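Structures for review follow.
Both of the next two complexes hold chain A, though its partner changes from chain B to chain C.
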Partner chain A sequence: MQRSIDLGAASVVVRSPLREFNAQLDLLYRDHSQAGDSGFADVRVALLPGPPWRVWGPQVRLWSEASCPFDPYPLDSALPLFEWGTNWLLAQRLNAHVLLHAGVVAREDRALILPAAPGSGKSTLTCALHLAGWRFLSDEFGVLDTESGLLHPLLKPAALKNRSIDIIGGQPGAVLGPVFAGTRKGDVAHFAPDRASVAARRRPVTPALVVFPRYREGAALRCEPVRRAEAAMRLGLNSFNYRKLGPVGFDAILRLARTAPAWEIEYGALADALPCIEQLFGKAS
Partner chain B sequence: MSTHPAADCALLLRGLHEALEIPEARWDRVLRLARMTGLHGRLAAANADNPTVSERVRRHLLSATRMADFSARMLDAELRDVAPLCGGDFPVIALKGGAYALQALGFARGRFVSDIDLLVPARALRTMEARLHAAGWESAALDPYDERYYRDWSHETPPLRFPGHFLELDLHHAITPVTGRRHFDPAPLFDESLPIAGSRFRVLSARDQVLHACVHCFQDGDLALRVREIADIDGLLRSFAGTTGFWPGLVERANALGLGRPLWYGLHFARSWMQTPVPQEVLSALPGPAAVLRRPMEACISLALLPPDPDRPPGLSVRFARRLALARYHLLRMPLHMLLPHLARKAWLRTRRRTPDGANENAGGGP
Partner chain C sequence: MQPTSPLGPLAWIERYCPSLDGQFLFLDPLRWDTHLLSAGAVIVLREAALAIEAGCFEAFRAEVAANGGWPAGLERLAVALTALAERAAGTGTEA
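Now for the complex of A and B:
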């Protein structure tokens, strides 16, 4: 079957005969997917089973523009391939914007940006904040509009890894897809944002605060301001296309660093990090 | 919403020259074909100020423009870094993308560049390579077989790379493979080459640029980007054809260098796909394929080189046509007694290198 998914800043059309995969999409994109073709899409993919003679270890391939840009995955891992593959394709095509590698959540159209390297706990923190009442905009891409300086939502499910799966999955209200064990990044499960966040996916937000999170097991809470120049550098480093955008990216990042104060927090427990962030956000307004 | 890919491709090629007024769903198809053929930068350059496009389409065009700007900046930086190594003791000719940019040709706007191609006389090849090495460019580490393939059979050195740079540098000493059927002594190319004002690089003469583009288009291995090569031929012809004596000079040169056939193909497909104004008497004066073969040849080349329907895996006929085109490419590159062992070795290596997972993903980077 074919469906269109409206993510906010971009749209995806996906086609697949795989029943289980479609059921997983039904769950994770329950509020923003519809059957059929929307007429225009930023990314179009088909997830098709590999050759039928591969009886031992059947595979699934992601087709985009009549070719397979990635290696096949095991047949039951169509969802991680779809998530990973569409992220990669979106990153190639959304260069009208600066793409920050960041989680973004908001309160009343004011955004908190969580830029971070893999392993720093960005996804876990983004989901925890969302479950604590913040609006979810994105987990992977902070879509910064170079013309308006606003951030656009890109409502893809958050990819939770390893221990985060239980930490977030155990909280009331959390909706998670199935756990895919032993992928390249370890165990992965996808967290679905809530209905209100999805409904607001066309409403951009103003950057209000930047927090560089760093999770370290057993660490006591530490929270320090980051100077503007340094924040700009680090935002640029945590971006998919900063270098390629040249002067356009430089101007957009500077503008962001000038508007939104930046902090760095190190934490060992979400229970420490959340109140600290709430407090910083309150002060930033 | 499926329109025929050939019709969409014709629209794309028209869109390289003029602003398109088409519905958004049609843009969806044209943008995809543009990405498949690497022409999205040029499409965006011609449609940057098109007031009829929707906001979503405008964003895609803007995205392509920004990536093309990046490519142009990287090309400029690389040329600026290599320039001091051109000492004036032998000519260094920029080929293809580098040359189009240096001459500021109209169709270079939005044209993506993935590597820099330089042509030096064969006697100066080692000297130029040594200078590049001394300045920090590194040759890809190759096994002795591949090294020999490049050195003895090809017309270029193994690709050079400067750590941290985006573009690769290919150093050529000829424009056709040494072992190929169409190989010729490149000395006349240097004799006719032209200086670029304010630059240490030279470029081929106008007619040699056209011939090189034709040779490259029909004698190179990567099929997906061939439409782009035809668009280059079209761009060159539109830039140069106004000069007096251009057409007779082009035919004369092609025949003298033994490149009449590739030129016929280049002109024929530029005219047929992009309505490039090519006089009929020019085509008639060239050694085209035999009349009975033209139709099947035309069908086969179109299938192999035009992008297939982006919505489905390529069909049997497309795959067959691509096989044929690839076989032809290999046969032009080296004689059978060399080709068969070469292909056997490649096939054997491929079975050995096949790993269950991962390899080409890492190349892509990304999230």
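Now for the complex of A and C:
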């Protein structure tokens, strides 16, 4: 089966004969329009079973542009391979924009940007904000338009890991795919954004606030402003392609740092982080 | 690596070393790294750019060395600016 998935800022065509994998895509991309093949796609992949005589059991490979850029996964883990692999490929290819490594949510088309390194709790916080009423744009990519300064949605499911699966999965309204136990990143499950966010995936938002989040178990809430120049440096560091874009990326990040105030928060509980962020966002209005 | 900008060293600093709340960001014209600089470091870099454009950068380097040396990491950025002057003069070597 082949389908074209419109993510907003990018499109992906995926082909696979794996029935279970296709059923998982049906669930997680249930609100995306899925044509058979709409022509151009930023990323084209095929998830195909490997040869059946493998010592370590049946495997699945991700093919893209006639090559296999990644090691194979167990056959029943096609979805994590697809999600991780397409994220990697998108990060390599979407160089018309500055790609921030950030969660992005919005209220009334004003964006909260959450740039962070892996393991900072970015995806969990993004999903928690979404379940609290914010529009979901991405848990992974802040797609910054270098000309307009706006942020484009890139609507993919959020990859939740380990304890975050229960924390987010236990909240009312959360839709998660199956849990994949013991992957290279631990247990992984994918969170589907709501229908309204998917429907708005072609509508860009204006940057309003940058928050650098850091989850630390047991930490008391700490919230400090970040100076604009330091925020610009950190935005550049938390980007997939900032250096590739040179002066274009420099100008875009500078503009963002000048227009959106930046804060850093450290937290040990979402119940502390969410009201703090709401307050900061209200002040940034 | 060759810079792609037609700007000379001083014009580059004007364009790609803006101030944000008293701190400065500098875009390296060769490597496209960004550096957070103090006002003092920008003064030194600007003097280096003037020296490059006047064709006396080596004398400027000797003067800096005689006065205690460069602030950490700054010489590398000043040298990167020389590539802009070489490009403008058409004397840069191919990367």
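Just so it is clear, the second predicted complex is superposed on the first by the 281 of 285 C-alpha atoms of A that agree within 3 Å, B and C clash if a C-alpha of one lies under 4 Å from a C-alpha of the other, contacts with A are read in each partner's own complex, and residues count from 1 in each chain.
The definition used in the following text is that a contact is a pair of C-beta atoms (placed from the backbone, for glycine too) under 8 Å apart; a residue touches a chain by one contact, two chains touch by 3 or more.
No experiment lies behind these values; they were computed from the predicted model shown.
Trainee: Based on the superposed arrangement, let me know which partner A:84 touches: chain B (first), chain C (second), both, or neither?
Mentor: A:84: touches chain B, not chain C.
Trainee: Does the superposition put A:229 against chain B (first), chain C (second), both, or neither?
Mentor: Only chain C; A:229 stays clear of chain B.
Trainee: Based on the superposed arrangement, let me know which partner A:246 touches: chain B (first), chain C (second), both, or neither?
Mentor: Both partners, chain B and chain C.
Trainee: Who does A:257 touch here: chain B (first), chain C (second), both, or neither?
Mentor: In the superposition, A:257 contacts chain C only.
Trainee: Counting touched residues of chain A, say whether chain B or chain C comes out ahead.
Mentor: B
Trainee: Quick one: is A:132 in contact with chain B, with chain C, with both, or with neither? Answer first, second, both or neither.
Mentor: neither
Trainee: Mind working out whether A:70 is in touch with chain B, chain C, both or neither, as first, second, both or neither?
Mentor: first
Trainee: Which positions of chain A sit in both the chain B and the chain C interface?
Mentor: Chain A residues touching both partners: 244-246.
Trainee: Within their complex, state which residues of chain C touch chain A.
Mentor: That would be residues 4-5, 16, 18, 20-21, 23-25, 27, 31-34, 36 of chain C.
Trainee: So in the complex, which bits of chain B are touching chain A?
Mentor: It is residues 1, 24-25, 27-28, 32, 35-36, 54, 56-57, 59-60, 62-64, 66-67, 69-70, 73, 224, 307-314, 357-361, 364, 366-367 of chain B that touch chain A.
Trainee: Please output the residues of chain A touching chain C within their complex, sorted ascending.
Mentor: 227-230, 232-233, 236, 242-247, 249-250, 253-254, 257-258
Trainee: Which of the residues in chain A end up touching chain B in this complex?
Mentor: Within the complex, chain A contacts chain B at residues 37, 39-42, 44, 46, 48, 63, 65-67, 69-71, 84, 87-88, 91-96, 101, 140-141, 184, 240, 244-246, 248.
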